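Have a look at these structures, which come just after this line.
Shared between the two complexes below is chain A, which pairs with chain B and chain C, respectively.
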Partner chain A sequence: MERARKILIYGFLIGWLFAVALPMGWVLLNSLRSSQEFVQNPFGMPWLIGGIPADGLLEHDEIEEALRLSEVTPLDSIPHKKLAWLAEHFEEIDTDNNGALNAGTEFGDSPSTLDAKMIAIIEKAASRPLARSNAVENYRKAWVESHFSRFFFNSLWVTFWSLLGTLSLASMAAYVLARFEFRGSHVLFLFFVSGMMIPAQLLLTPVFFEFSWFSEVGTQLLQPFGLRFQLYDSHFGLIILYIALSLPFTILVLTGFFKSLPGALREAAILDGCNEYRVFWHVMLPLAKPGLITAGIFNFLGIWNEYIFALVFVNTPELKTLPLGLASVSIQAQYKTDFGLMFAGLVIVVVPTLLVYVLLQRRLTEGITMGALKG
Partner chain B sequence: MAEVTLTHVQKIYGGDVTAVQDANLTINDKEFVVLVGPSGCGKSTTLRMIAGLEDITAGEIHIDGTRINDVPPKDRDIAMVFQNYALYPHKNVYKNMSFGLEMRRFPKDEIDKRVREAADILGITDLLHRRPKALSGGQRQRVAVGRAIVRKPKVFLFDEPLSNLDAKLRVQMRAEISKLHRRLEATMVYVTHDQVEAMTMGDRIVVMLDGLIQQVAAPLELYRRPANTFVATFIGSPPMNLLQGALAFVDGALCFVTPEQGTCLKVSEEQGAVLADFAGKPVDLGIRPEDLSVASRSDTSNGGTLEADVEVVEPMGAETYVYLSVAGQALTARIHDQTPPIVGARLRLNANTPCFHFFDPDSGKAIR
Partner chain C sequence: MSARSKEERRFIIVFLAPAFILFTTFVFLPAMRALLYSFQKWDGLGTPEWVGLANFVRLLRDDNIFLVALGHNLLLFGIAGGLTIALSLFFASLLSQKIRGASLFRIVFFFPNVIAMVAVALLWILLYSTTDFGVINALLGRVESAAVVVGLPLPDLDLPFPFLQSKYLIASIIPMIVWSATGFYMVLFLAGMGGIPKSYYEAARLEGATAWQQFWHITFPLLREILVVAVVFMMISLMKYFDPIWVMENEAPNRESHVLATLLYQKVFTEYDMGYASAVAVLLFLIVLGASAFSFAWSRKERIEY
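And then the complex of A and B:
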């Protein structure tokens, strides 16, 4: 019985591990392979690369090079698919083959010369082993050419300030709500927490108008100082938005935490000569660290991966965050099929969250249970 | 140096719950005063009002002649030791002790000197770099006391500091705090619900019940001359016996008679003079368990004896607690006989009549 239970539990956990780890590993592996390799075999390993297999696609520039070498018509005039088909059936192509003849007529060349040239091209291409893609190449392309470096630091910047703002505001509010009873303190708490009940998507339109109104008023007010106040299409606006969206959850979690701290500590600190601010700063805040970390991680994940609001409120390419960058790469990928680039971008987005999880997971579970048991 | 005076101090919570009513008390300089009473009697509230952790609803508290009602806690020059120690979990022992001095901007070397001095007094020098989590209950208690000592305050306040310790450690710490009091020569106010702590530590004891001070007296005075039935039964273990009955003249001598006849105890002459007015009236008789002894068969003593049925016997080694019933009323005797009585037996007890206490059954006040 005990044994069966263990097997069941471990089976379930191992299954879960695979469900989580496999896609991750798959993304990571494919980020190290070229698009070509990916198309050949989506589940291949980066180190298992040889020449062109019989059914492979030819790389664009390789054919181009081959064509240049054999000094034929520019590649653009040859339908790509046909080349591929030719390559696929390379072995079977016969000079007298009807299909090849038909294909040849499109080139406006005599079939026999075409076949000869074609064979030359394809032989050339096929004789060269498929260049093993440099493992770093995809990342270089993503980081430099697709501006992921920019997106990365934008995300870092926005997330950092949003977290700092959220945690400092929420911890102060939560401490007061947890420790002091005053007229309307319960209502205030409910007001904060009720923010969680509104689906964020509903806020898009009103916030959009609020932003433009505030920006207008703010700019008018700051005009004498030669300053501009912009919420829409700015990191500042996005940070404000993220802070506002994160506060309800964070206040809920931290209030539970502060309630779990012994009240005598506050009294001891007061007798030790602290005023309320110092009690908070020197005693309560350090003790709420597990709670701050828990709330911080959850908010980090949310903000780091946030897409909709960033999409709506940021337009300038230089201001875009990672999820937007990833989306634009995958949109481009519809035309360019650069899977390697996309996977590399995905890894760049995922790794920081993964790191945060791995480094702080003990604290995270600690924090969750502490809040749950005593809050 | 530091005298604490409470004048007509009152504490009312939320407009209708009275925690402390009209407390008047003077705590002398260098005195160790213990506030004792059952939970909810207002002793902790009184202490917290002195500390400044609770507002004073009415009345005044003076420390050293200065009215401190509106002085913030940190400026009252007091230090407090809490029941659950309230050590800062994220600071080590040294930092726990130095925090109060740091907040008051003491110079670094002065802080260091004082912390080491206090650690030395309490024997916790080896623990200075540990976190509270890594300390035993007794060690934590010492750190909590140390945190108070380093400040060199005018008044020390203790809020049930020993109630979280096990019995053995409690006895040890009790002695240590008493020693500390003599060494520091400071004014100390100590709150406890444990009458043994109160008796052993206090220069004077303040017994409280339902927000009212019942009696203020030195320990033995309190034991020998309790002001009312509450103090009489609260101080002393096992508690004083209270027998209901009436005073009557039997054969020309004033006697205490239980409702169901059969028991008649003669009142001593000094007490008889005071009690003569109560003849024929109901009174409560208080007898300490140690004032009862087993009468020998031949003994037909003058004071009068009472017959009681043995219900429970608790041998303690040096003495034996015998729980009896006399005419339906419970009675405890503390006897030193080598052979303890048998449960179910009928025992004849001698009462030490000069040590009788008489109380007015309506008010509970002692009749003197």
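And then the complex of A and C:
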């Protein structure tokens, strides 16, 4: 009875484990396969470098040999079996040429018409890029040709400054709100935290117009110095916005954290001759490190993965962040049926967050636990 | 409270001001501005014209696309949200027992939550693909042929099934939401269950209570506040739902696939109807606010003390 129950429990758990992990493994494997392979053999294993060719694809040297043979020898002198094999396999590869498609079926009937067709097919097959690609081809294409490298460093840049800004501004505000009571301090805390209730969509339109207004005024002010001030369609604007949007949650978390630190520390440090700034920097901030890390992970995930604000406030392709880049590349790739590229792009977007999560997951779950028990 | 020295006051102001200014300028004032827009007619260029409640009336009348989109949000909340909470509660209660490798399960179950929603959408676009490698269609094909062999009557699905067509999109998104959100809520519930004293369960076992009775009479009532938090959280996130639908519809959802956020986006950036869009946003905010206030009030009133 007890044993049966245990088996059932593990059955459910392992079932869900597979449901979660398999699609991700599938993405990883497919990112190593070429688009032609998907058509040929949807569920085959990827061709790793030097691996086994998938069924039904021609080796490069085979194509070359066929070409060479067709040039030097009349086609009917090629061994019958080999020719049949070639015809059959070319038929599979070539789908956009009707004549080529029929080559296999017509083979037995009229060898003379086959010659010309065969040569055409062989030449065509030889001129197209090789079906067999090495494992990193999709990544090279995504990283270089589809500018994922650009998107990646944009994301890194925006996320880094947003995180730094959020954590510094929020920890300063949270420290004051937690440690100094003054008239209105509680109202101010609620004012900040209420921002968590505001849906992002409410802000899209007004911020859009606010950005253009600020840019206009700023540019006029900076004109004497020959500078331009731009919030819309710039990383600076996006970073400012991400900081403002991350403040409510971060202040909530950090205020709770600063409140839990012993107050006697500050008094002791003041008696030792520290001023308030030094107390904050040298005493309180180091103690708040776990809280900063927890808030930092949540903000990292939120900002790295953010889509809708980036979609509205970034227009220039060179400024796009990863989610934006992934979305636009995926739309293009669907039309071109370049699935290998989509799989590789997915991996590039997902891996950094998974890495951060796996390294710091203890902090993250602790954060949720803390929130749940207090909430 | 003692009188503060001048230095201390300056310290407070210096430390609060940056956050205050940024938050006020880019979150609070724009939110107020949106409220103002919702009473105006404006195309984003000319002078706004005060129209009172006309935008809200248009929401409910016109072609009632607002209600259709709201219906989709509520459908997602009811079905996908409900399934997610049930499933995560189930897994949390499994993992709160003595299980070998519990932390491995917890870590992996949480994976989908750290992935960008855009990436989750793309992953499911590929899983749902009607081309040869679309795993879900391939699996359905296997099931269908197995059913034919065994002689089970199955409705004719006409594979490959176009999961991503507008008219099926909202339904197709449900498994995706459950897949991606379950881990987060499970961790939340696990935290709550960790706070319930083990002695309650021991006492119940001594009285001969079954596992189901223990869950229903101990875990569930004691977890109620966290459950309410989870439901509110789910509500907020599904009311704001945007990224996957936007990506899966190639940036052009229609009547069959709109949710509130996509409708709002389209009204602003393709139809330049600021008043209508802001009215949608304000209603979205009020729905979320109302639902959370109601839930919290209810959970406080019915609070159970053991």
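To be clear about the criterion, the second predicted complex is superposed on the first by the 259 of 375 C-alpha atoms of A that agree within 3 Å, B and C clash if a C-alpha of one lies under 4 Å from a C-alpha of the other, contacts with A are read in each partner's own complex, and residues count from 1 in each chain.
One rule holds in what follows: a residue touches a chain if its C-beta (ideal position, glycine included) is under 8 Å from a C-beta of that chain, and two chains touch if they have at least 3 such contacts.
Predicted model, so just to flag it, every value in this text is computed and none were measured.
Steric overlap between chain B and chain C is absent once the structures are superposed on chain A; the two fit side by side.
By the document's definition of touching, of the two partners only chain B reaches A:H282; chain C does not.
Legend: residue contacts after superposition of the two complexes on their common chain; A:T205 is shown touching chain C, with no touch to chain B.
When the two complexes are overlaid on their common chain A, residue A:L188 makes contact with chain C while staying clear of chain B.
By the touch criterion defined above, A:A268 lies against chain B but remains apart from chain C after alignment on the C-alpha atoms of chain A.
In the superposed model, A:G226 lies in contact with neither chain B nor chain C. Touch criterion met: A:I243 reaches chain C, while chain B stays clear of it. In the superposed pair of complexes, A:N30 makes contact with chain C only, with no contact to chain B. Set against each other, chain B and chain C touch different numbers of residues in chain A, with C touching more.
Shortest separation of chain B and chain C in the overlay equals 6 Å (C-alpha atoms, whole Å).
In the superposition on chain A, the residues of chain A contacted by chain B and by chain C overlap at 275. For chain A in complex with chain C, the residues that touch the partner chain are 5, 9-10, 12-13, 16-17, 19-21, 23-24, 26-27, 30, 38-39, 42-43, 169-170, 172-173, 175-177, 180-182, 188, 191-192, 195, 197-210, 240-241, 243-245, 247-248, 251, 275-277, 280, 301, 304-305, 307-308, 311-312, 322-323, 326-327, 330-331, 334, 337, 339, 342-343, 345-346, 349-350, 353-354, 356-358, 361, 364-365, 368-369, 372-373, 375. Put simply, chain A touches chain B in their complex at residues 262, 264-265, 267-275, 278, 282-283, 286-287, 289.
Residues of chain B that touch chain A in their complex: 51-53, 73-74, 78-80, 82-84, 86-90, 99-100, 103-104, 147. Taken in their complex, chain C has these residues touching chain A: 1, 4, 7-8, 11-12, 15-16, 18-20, 22-23, 25-31, 33-34, 37, 44, 90-91, 94-95, 97, 99, 105-112, 114-119, 122-123, 125-127, 129, 131-133, 135, 138, 179, 182-184, 187-188, 190-192, 194-195, 211, 225-226, 229, 236, 239-240, 242-243, 246-247, 250-251, 260-261, 264-265, 268-269, 274, 277-278, 280-282, 284-285, 288-289, 292.
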